[in-house]
């Protein structure tokens, strides 16, 4: 069997995305052992939404069998996915959900991801205290889902007060600056809810201000940070969005291309087309374990997990 | 009835009083000449009438009714058309569009009527068809035209305003004689139609050829008005400069022959953009004139000697050694100096202090790295003094000076360190008469000190009065050399017009 | 405006007055904003921006629509180059400095050659270069671990060094003095202004116009590279596009500092004030608790308002 | 006697004259070369379906490039075109949603969208021409403001457009895809605008503001007119974005701004004003699209795609500028 699968990634600003593509390519190679030739073609570049729509159109022109996309927008791909489907192409989105009924989402629940770490923070603070949040890009769908997630959790704890929420555009330096400003303005905060790489920046500011002992803040999953975390015994917790999601999606896609049917159709999520993957969590309890799993990896390597082919097969009839 | 009357108009730019007290009365059906030294406020006065400068004080009356000219559009509505000294053309637009730009013919409310545009503009172009050159057509972008052709287009643009009051602020500075003659013919026609015309020029012969009355303006104040018929050039000049005596009035007598001092620069079979196969030598202490109609290769030759851009072929020898100029910088370090009359383009470093405008060449020739104001000033002041430059302080911006004084600053930059050869490319364009006299006295003195000087001038009198020898250019090459008693206006014209 | 008050037109005075006003406002909105520590932190951020703006300022002063949109790309790239060169070790710092400066100079040189030899408008050349640099960032980071800052560098940027000020602020002050000296007291400075205000006249007076312009772009690249180097110290490790935010911010700092984009006029002292002003403004906006949409609207409107103070062009009617 | 025998001047030979009339010729050549290359690497990319897709994707950039061109005519620049497009995009999406998504509501929303674009253009024109702020920084400031406004209207990307709306944009009538009707309407619009007084006056202002003012042109009004036109075209671009993405996104246009500037230059217009063509800008927008596609079809490894695209666009800009200058000099 021969399948050609297009991978579209619309943002290459982080190592996470690089790892995501690499893991997907590695997963494709593993199919060879099972006598399936999976050729992947990747378009991975910094593009805006129209630019990524162009990615999909390029794949359609090339006649791929399936497209796996980490989309820059939840809704903007409806028309072009409809065109892909017309051309007989399977479309799977990963990492961020899409509204198109012509696509399936395979990945984590971003809102649930935020809720996990928010829960950890709320529990660590014993359900009371002043909290600030440092978010990604305002208006970005993943960001907004995550915001909704932590707001919901903090809302359930009367004692938790969100004193400010700022945007640092998923930029580590901006996260560091934002944290600095926040520490100056609210010297008495107890907790920080911060996402992804910005967490490393925020923690830097917290440690610079000698407040590492007084403040609990969410963390991230790169080895660099895990090391700092271990070394400084930070009071942190991180839910994991593994870069392996695209590899998981690829395994699911190949099985679908083989004509296999899911045991449970993908109907989760707000758009009713999602298949959620489990969300690992790293806290001080299992930090050592996570650190051990990344032994020998470069500093930018993210803690990961993915559905193996067998895991994936188990989901199908 | 007075068509246009200004009284007590004034305008200050910061500390500079551009115009202290301007009075002017223009009748219908006259050509009214406005004359005054550089920086006396002529252009300012005109721009106030045309609405592009806001006066501080004073009244403007049209047909005896007081009016406020709130802008160029208001001026247009009041029946005032103007030729701007610095022109008001759009480079990339066609000649036709430029001529009618103030009021593009319309089709509907929104569209340009192309047919009407071509037709109307064509009529104005036809007025100058004989003298404008074949390449001035309705479709030509103005950017492709020569300086004189642009001035003609600006003239056409002023004419197309059909205004009862027409102001021409130095419209002839780039025109040749035939073009001026044609322009004057048209002006006379307009005067006979009963239009009121203001005419500004620094050329005395033109003023007496076309003017009915003349108003003299000095230091921003109107000195008086007389009828041309009742006055003489000398009398006008006396009014312009006040009580000062002994000013150079153009004389037709050629100057004394040059002192022989050995060859300074020799040029053999030089060809370049705009000129070909030019050969000559200049001796130390000699002023070599370049004559002929303008645009015949004189400026191009001077620029090529200066390396901007270099000549294509031929040889130049400076003091016995072969000279290679790749660009102005290498020319300067070899001892050449070049003064251009186009100070806006080639000279003035706009908005910067006078000091920085005088010293770049000095810094280059002495390979200076540091710019200590004291040391630079010590070099600059004598040169400025030699030219009688009027300025308040070396740290003032050059834009605070009048055009003439700006030009003196630019000239002074070449004289701080004495060059071996001085190239003068119409250096007095737009300079007033007394400044010209100062300048030529200085040039003669420099020659006596052993400089070799090459002078191109668009004014015959200047050449005849100052050059020891004149090469007459035509079509890019030297047609005739006039030396000694041959240097007469007749010979000059004869050679210049020979091939035409 | 009367003569006595004419100093109010001086952009530097305006900027300094606004800085004080903003600090007071910031402190009123969130007490502690104008504390010494916080001001110091703001100055560090301003220094990073100010160093980028030094190069931007030179290119803009040089006229001919001079502008450098590629500064952000150079900042990011040199942060990565520096990180890889030192890789967390103090011993690697000299090599990192060399590598950074060479990187900045190289891309500045390319910009300069494109602008002078090929006569591509600076906006276009540097915009194109920005695209190339952004692509290069992706290429370089592929598989290669992006390095970390050496401890000494981080100390230099964030810890007090002399008189309670971190080294980066001393560096910035030194750059300020150097720029003032170059612009006012050297022939080079005169030449920069000369080509900025009338390129052709400068050419005719023997100024090596083309070489000068190339030099300005090279300097811009070098300043951006220095900023990228310091930014690495500030954030500890390098990551893609750290410099992106500096592109338009550096231009705004220059403009708020009283150097018009038309060139030939202005200077660096104002730009330094402009950088501080911009950083304080952004910082106030982060600390006040409103929706992001509101922050952006306030920021945009405030920038316009600030420009009204001294960024206005001349009227057409004299 | 003729007084000015014009001495040998550089003739404006065939190529120069041709470029004078059609400054976008180099762009057309680049476009054709790119089409051929695309066809070589991926024959399918020249299929009717693929070309339709190309136009659909880059229609918005074409319109933004046109919008930018009109302000560049007058030597101004608008760094807020992308933000205006985003603002209009979210405005019409929210309106269509609120009005129920029927045909009438779509028309009403589009009408309001044009007005919003116009209003943004007028704001830009006001701050740049009337308040005399420097265009680059002032329009950057307004772009931040417009983005804030867009975020207020729709804080999160994702509200869907009525299906009929994007089905129309993506659909075909009488066998011809809808976008080609859009292209035809655009062509007529551009033709009319090229004959308008405003276009000529904008170019005259671009050639020299002072001269235009002294000629009696209402310079401020003309420049505001240019920005207004720009705003309207940015709104039209937003319609296409909305048609192609079927949703609202407060940041959707942000990255297109600099591409619109690049397209203007690539199309043969001078950023210094006074000279240019909108047709060139339209072609250049397609060039940018084709470069992006070619980089992929040529099999560039994914990490190199941005870099090669950047290089190719820089090279195209250089070639375009060099060729048009050689012709015009």
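Residue numbering begins at 1 within each chain, and the chains themselves are lettered A, B, C and D in the order written.
Convention: contacts are C-beta pairs under 8 Å (C-beta built on N, C-alpha and C of every residue); 3 or more make two chains touch, one makes a residue touch a chain.
Bear in mind the structure is a predicted one, so any value in this text is a computation, not a measurement.
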Both-way neighbours, i.e. chains that touch chain B and touch chain A: C, D
Longest centre-to-centre distance from chain C, chain (CA-based): B
Between the pairs A-D and B-C, the one where more C-beta pairs touch: A-D
Mean-CA-position distance for chain C and chain A (Å): 34
CA centroid of chain B to CA centroid of chain C, Å: 43
Geometric centre distance via CA averages, chain D-chain C, whole Å: 30
Contacts with 2+ other chains: residues of chain B: 52
Chain C, residues touching no fewer than two other chains: 134, 138, 142, 292-293, 316-317
Overlap residues in chain A, where contacts from two or more other chains coincide: 12, 18, 45-46, 138-139
Pairwise chain contacts, counting only pairs that touch as defined: A-C, A-D, B-C, B-D, C-D
Contact set on chain D toward chain B in their complex: 1-9, 12, 20, 192, 195-198, 200-201, 203-204, 206-208, 210-218, 274-275
Of chain D, residues touching chain C in the complex: 79, 127, 131-134, 136-138, 140-152, 155, 209-210, 213, 219-220, 258, 261-262, 265, 271-272, 303-311, 313-314, 317-318, 321-322, 325
Sites on chain C touched by chain D in the complex: 65, 67, 69, 114, 118-121, 123-125, 127-136, 138-139, 142, 248, 251-252, 255, 260-261, 291-301, 303-304, 307-308, 311-317
Residues of chain B defined as touching chain D within the complex: 50, 52, 72-73, 75-76, 82, 84, 87-93, 97, 101-104, 106, 110-112, 114, 130-135, 141, 144, 146, 148, 157, 176-179, 274, 293, 295-297, 474-476, 497, 499-500
Contacting residues of chain A [partner chain D, same complex]: 7, 9, 12, 18, 21, 42-51, 53-55, 57-58, 60-63, 73-80, 82-83, 99, 137-141, 144
